[in-house]
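Next, two complexes with chain A in common: one pairs it with chain B, the other with chain C.
And now, the complex of A and B:
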């Protein structure tokens, strides 16, 4: 009798663990902010239209430059292998200064980067999509800026900045943006 | 409402009902096909529509899914508000977890499946449930789920309502149209029905239906008119036949009554002047003539019944036509002489062989001769001639008497037909002679016709009989009945006292030993001692009837070999057969001809 009870108790425990397991896993996947931002950076490239001159060849890869956030760069490097955007492979490049912005299509300027304004300006010149993660990031010249939302990460878009880089951002993406700064 | 209206109504209603039933059947069938097609089309259209919605929704909500923006996703889903059929919508994330939902305002929140199903739709009760993957940049990033109202039954109900209205309208129109057109069909039929009723009520066969069309109805009208004409003819013929029969009965009564007065007078003479041989002889001769006349009448009467029942038969043998004609002449000669006619007979020297019934043929020719004598004024001219013409023997009886009107040439052969009823009654006869003659000649395979130039110009009857090449039978009637015949023991049994007594005396006078019995029992008692050689037995006797008498006589040793002769009033084949079965050797029909009795007694 006692043995049976114990067995039942064990089974209940097991069932509870099994029931909770998927929830835990999902939670774990959603957990880290750098990983979400890395995924967003990759996805942004799908909604942005570069001029044909931005790529040396029709199958040239999309290059995502990361400045000032090793965590995001690391997450992105984990994410991109095997993926592509509109038939282009995706490359990750760590960016140190304005010089190395050349050839980059998406430039993420992390919180850790001091020269954000110079980098965004370089992005404008190089025709890259500048992404920041600071307050008033759009005012710094970024086309997209991550903003914290209640339980997740949101972003805001400046069409004016994108215009300066010679880029067009799909209106579909704008439906999810927190704030959109229109063209001037 | 009388019967006519009922018939009217029923036929009209039948035609209308026929039209309506056809209309209903056709409409119902086409409606069924239409409904089935529409249900299928409805499902396809509805599902296509929903797939399109899902497609649009998937594309619109892809960014929201991509960037995990639940609010944006819910906003995207809420677009479904403009589609009131959509009850609920949901987005599942890439990981299969419910991401955003939409429920139609006012609707009860459904239970969303915890995980999305594969692409496609299914019908769940009265909902259409659809799942569709959201693919962005070649990658599945989530699933759209839509639930929509799916109520084909509501649509079906609408459809049936419309159909019902259409059907009612169609039926009304069909009823109107058929009501309008049916008169072309029913009109003539109703006319015929009305006419038939009128004919029945008024017994007027001269009415005719109007023929308005050439189709089957026209044929019906025509046939109906023909039948009316035929019925009219038959009714008229029946009326005439009935009238002739009445006249015949009147004539018959008269004819039978006529000889009785002279016979009664003769009896009175015999009673008063029994001693005077001359007066007695005259009286007896008068009675004989009258009796012969009565016998002839009754014979005619029997023949009439045989003709009407179709039992007139002839017994054929090969005959010499001349001898038959001589027999006939012998019968009629006294009457011709009495009328003082000039009578010429023109017969070929060599015999003409025919096959027939001697008595019956003699009856035919004596009849014709008798008519010739009767319908000629006294001292007229009568010619009898016979000749071979091709394969026929032709007998002509010509007179210069009252002749026949052209319209009588055919009807003269009808039963009870007499040309001139104003003639003296004693000559009139029963009006069956020519009918009988015609039937008899036809039974011999021959024909009879009459030619006359008109009333008062005489007439000629022509009888044709087929020739035969058989051997002639020996002439009959050459031998006189012998008074000197061998005496026999004869038993006479009959309850008709007069008949049996007179016959007994006749036979005794001829040398026979005669015993008489007045009933069956007495006949048997007498036969026991007497052991007759010949017995004439009446069938309809009291106590023991004739058949039984014959059976007992046959079974008794002393009379088992006696010649048994049945004497009856019935000469039908059935009666003869029954008599044979009872043991009778011969069969005589009353009134018995003494010649027949002699013939029987003379036979070995």
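And now, the complex of A and C:
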């Protein structure tokens, strides 16, 4: 009887090891920059508080607008299906001009976009969180700007710009930010 | 500039320790892979290595040392309210609590009431006491929410950190002021402890700088004594501090006062410190850093002694790339202390008033040898007031067979320099000193250390580190004739293995764990006599282990469970114990989090450390906490 128990115990152990084995397989690849930025954009919306008026209904989706980066838009479109932010679905919309910022909650202005200043101004007016990826992006009016940090991606936050869009940014995001520009 | 001394050094020699944790995310976005990234939190996202950077060949991925990093999120989900409790998160440390506020914290053995082979820094300020080369944990504190991370190195790191980093270095780093803006209030009450802390941060006009200020207060109840009755170890402490950060300049200060209400030996501690640091990056690996600090620490142990310790410390460090192969770090430091002790009938430090000076210079070269191989050569000369100049050399080799795998090995000579207790302590307080007599021939305790390890990032979700080590101690402290003096009559050896890993089973569930196994052999050298020094060199468990589970039930609810096991301590004997800690947190709204924290959930009464008469018994403790960030 004792021997049986021991054998069963051994089998269980073996089963547990086998179950873990796929997890131990090595992946030595890395993420592409657009994929990481897309993940950031999705995550940011969980750390931002919009006024109730920003959503037509309590279950209206969060709309992430993308200008000037087809790569980030493509990654984000792959990412959002089936995901939600605080119970809201997430929609991706490609933005061409200031006019189409209406209804957008997070606006990403990629490096490929020439009219960054006009778009961030539109974001302020429409109550959207403006995110850029250029030098001095915060000075252009972005609330969040991606900055390279060696071979990783960091971001900086302007509470002043967030204020202009009427947004509140969680302190949890600020503890991760590389730099925080305070309210003026 | 926001990095402390050690962290800046870490960022140079041991880059990406912290950062390697999620560095191996798969590329070429198959949808499920992108999805995997999206399951990480913001902080983890900032750690992902992206493939676009052209500097990649120069990236020095992994740390050729046994390092564990405790991050802010781990501390939050552990419910720790003090530094030593947070240090329990490091599998390579043995954290042993004696009573409400006294702890012994050590890596690789040597745990005693006066653990003396660890170097501990808070924001670049060493919190070592020259009385016994250790830390008085009853007076060291920070606002827990201000901690950015704690880097724990087991094993010697003396070349860059200096003498005393024999068995390990603990480097506590707080957040820069710019990342602690606005108001935070955190506090709670429980069966053993009540506490409250608050901080407020804002901008410094238009200077681009930020400030924060914090206050913290706690009081803890007495415990049951191991020998029965009550220990009367109730304690309370108040602390306040500030920090100012500009682009290249940082100033911080703290002041504290606390006491332990024990009529047998009332203990009062107080102190203040001020740290200023200037650090500038000239690009391409060239950095300069100058730091100065002043620290005053006062303590009174009623009936045995009191002390006022003033310390002034200045240090300089520079780093540069030399060609494409060499990364050099060099620098030096000077520290002056004045230690004024009031002696008593039971013991006497002679002289009572002592001025102490330390100085050091060091250089380290990290050489890229190609084919994933790199070598680190370091040498430090440190002069201490007792044994003169000590050389602390260090050689490390690291080989990356693949980008996320590292094999490393190191040989080091490390030194625990004499302290006041080794040379100047006499007992009783007046002659004849029959119990202990000061001895000005006591020499440094040397450690010759060989270690090797393997570290890997196994897929995006898992990581692993394992290290084997052997420490040779040719001249440990003994109590020897003539009379009873402290001498170097004991030899010792410590060998063992330490390892840890973490694995994210799903986007909401993470498991982590670690263990240490080691043996300690210590013996009196041939021709020497020991009159009781052996038992005071370490009361260490042969094994420790921990397993932690962090589970987010929903975006608003999380449950954390930790199981930790410590093997039996030999002398004085303390039985092995296994304790389960649990925490349930509820994010009521964006600004309010409530948490119920239960230490020792199964109510296994146990003691962790100390002489039988001083030892507390710990049973189940419940704490209800609220954290508010309007």
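Please note the rule applied: the second predicted complex is superposed on the first by the 154 of 184 C-alpha atoms of A that agree within 3 Å, B and C clash if a C-alpha of one lies under 4 Å from a C-alpha of the other, contacts with A are read in each partner's own complex, and residues count from 1 in each chain.
Just so we're on the same page, contacts are C-beta pairs under 8 Å (C-beta built on N, C-alpha and C of every residue); 3 or more make two chains touch, one makes a residue touch a chain.
Here the structure is a predicted model, which means the values were calculated and not measured.
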Exercise for the section: Evaluate whether chain B and chain C can sit on chain A together after superposition, giving fit or clash. Expected result: clash
Problem - Touching partner for A:35 - first (chain B), second (chain C), both, neither - result: second
Practice task
Once the structures are superposed on A, label A:79 by its partner contacts, choosing first (chain B), second (chain C), both or neither.
Solution key: second
Problem - chain A residues touched by each partner, larger count belonging to chain B or chain C - result: C
Practice task
Check whether A:175 is in contact with chain B, with chain C, with both or with neither, and answer first, second, both or neither.
Solution key: both
Exercise for the section: Examine A:136 and indicate which partner it touches, taking first as chain B and second as chain C; both and neither are also allowed. Expected result: neither
Practice task
Could you point to the stretch of chain B, among 23-31, 59-67, 383-391 or 455-463, that collides with chain C in the superposition?
Solution key: 59-67
Exercise for the section: Once the two structures are superposed, pull the chain A residues common to the chain B and chain C interfaces. Expected result: 26, 29, 36, 40, 43, 46-47, 83, 86, 152, 154-155, 170, 172-173, 175-176
Fill in the blank from the handout: Counting only contacts in the complex, chain A reaches chain B at residues 26, 29, 36, 40, 43, 46-47, 83-86, 152, 154-155, 170, 172-173, 175-176
Problem - Complex contact set, residues of chain C against chain A - result: 19, 23-29, 31, 33-35, 37-38, 40-43, 45-53, 55-56, 59, 72, 148, 175, 178-182, 184, 202-203, 210, 402-405, 456, 458-462, 503, 555, 590, 629
Problem - In the complex with chain C, residue positions of chain A that touch it - result: 23-33, 35-36, 38-40, 42-44, 46-47, 49, 75, 78-79, 83, 86, 148-155, 159, 168, 170-177, 179-180, 182-183
Problem - Complex contacts: residues of chain B adjacent to chain A - result: 59-60, 62-64, 66-69, 72, 75-76, 95, 97, 136-139
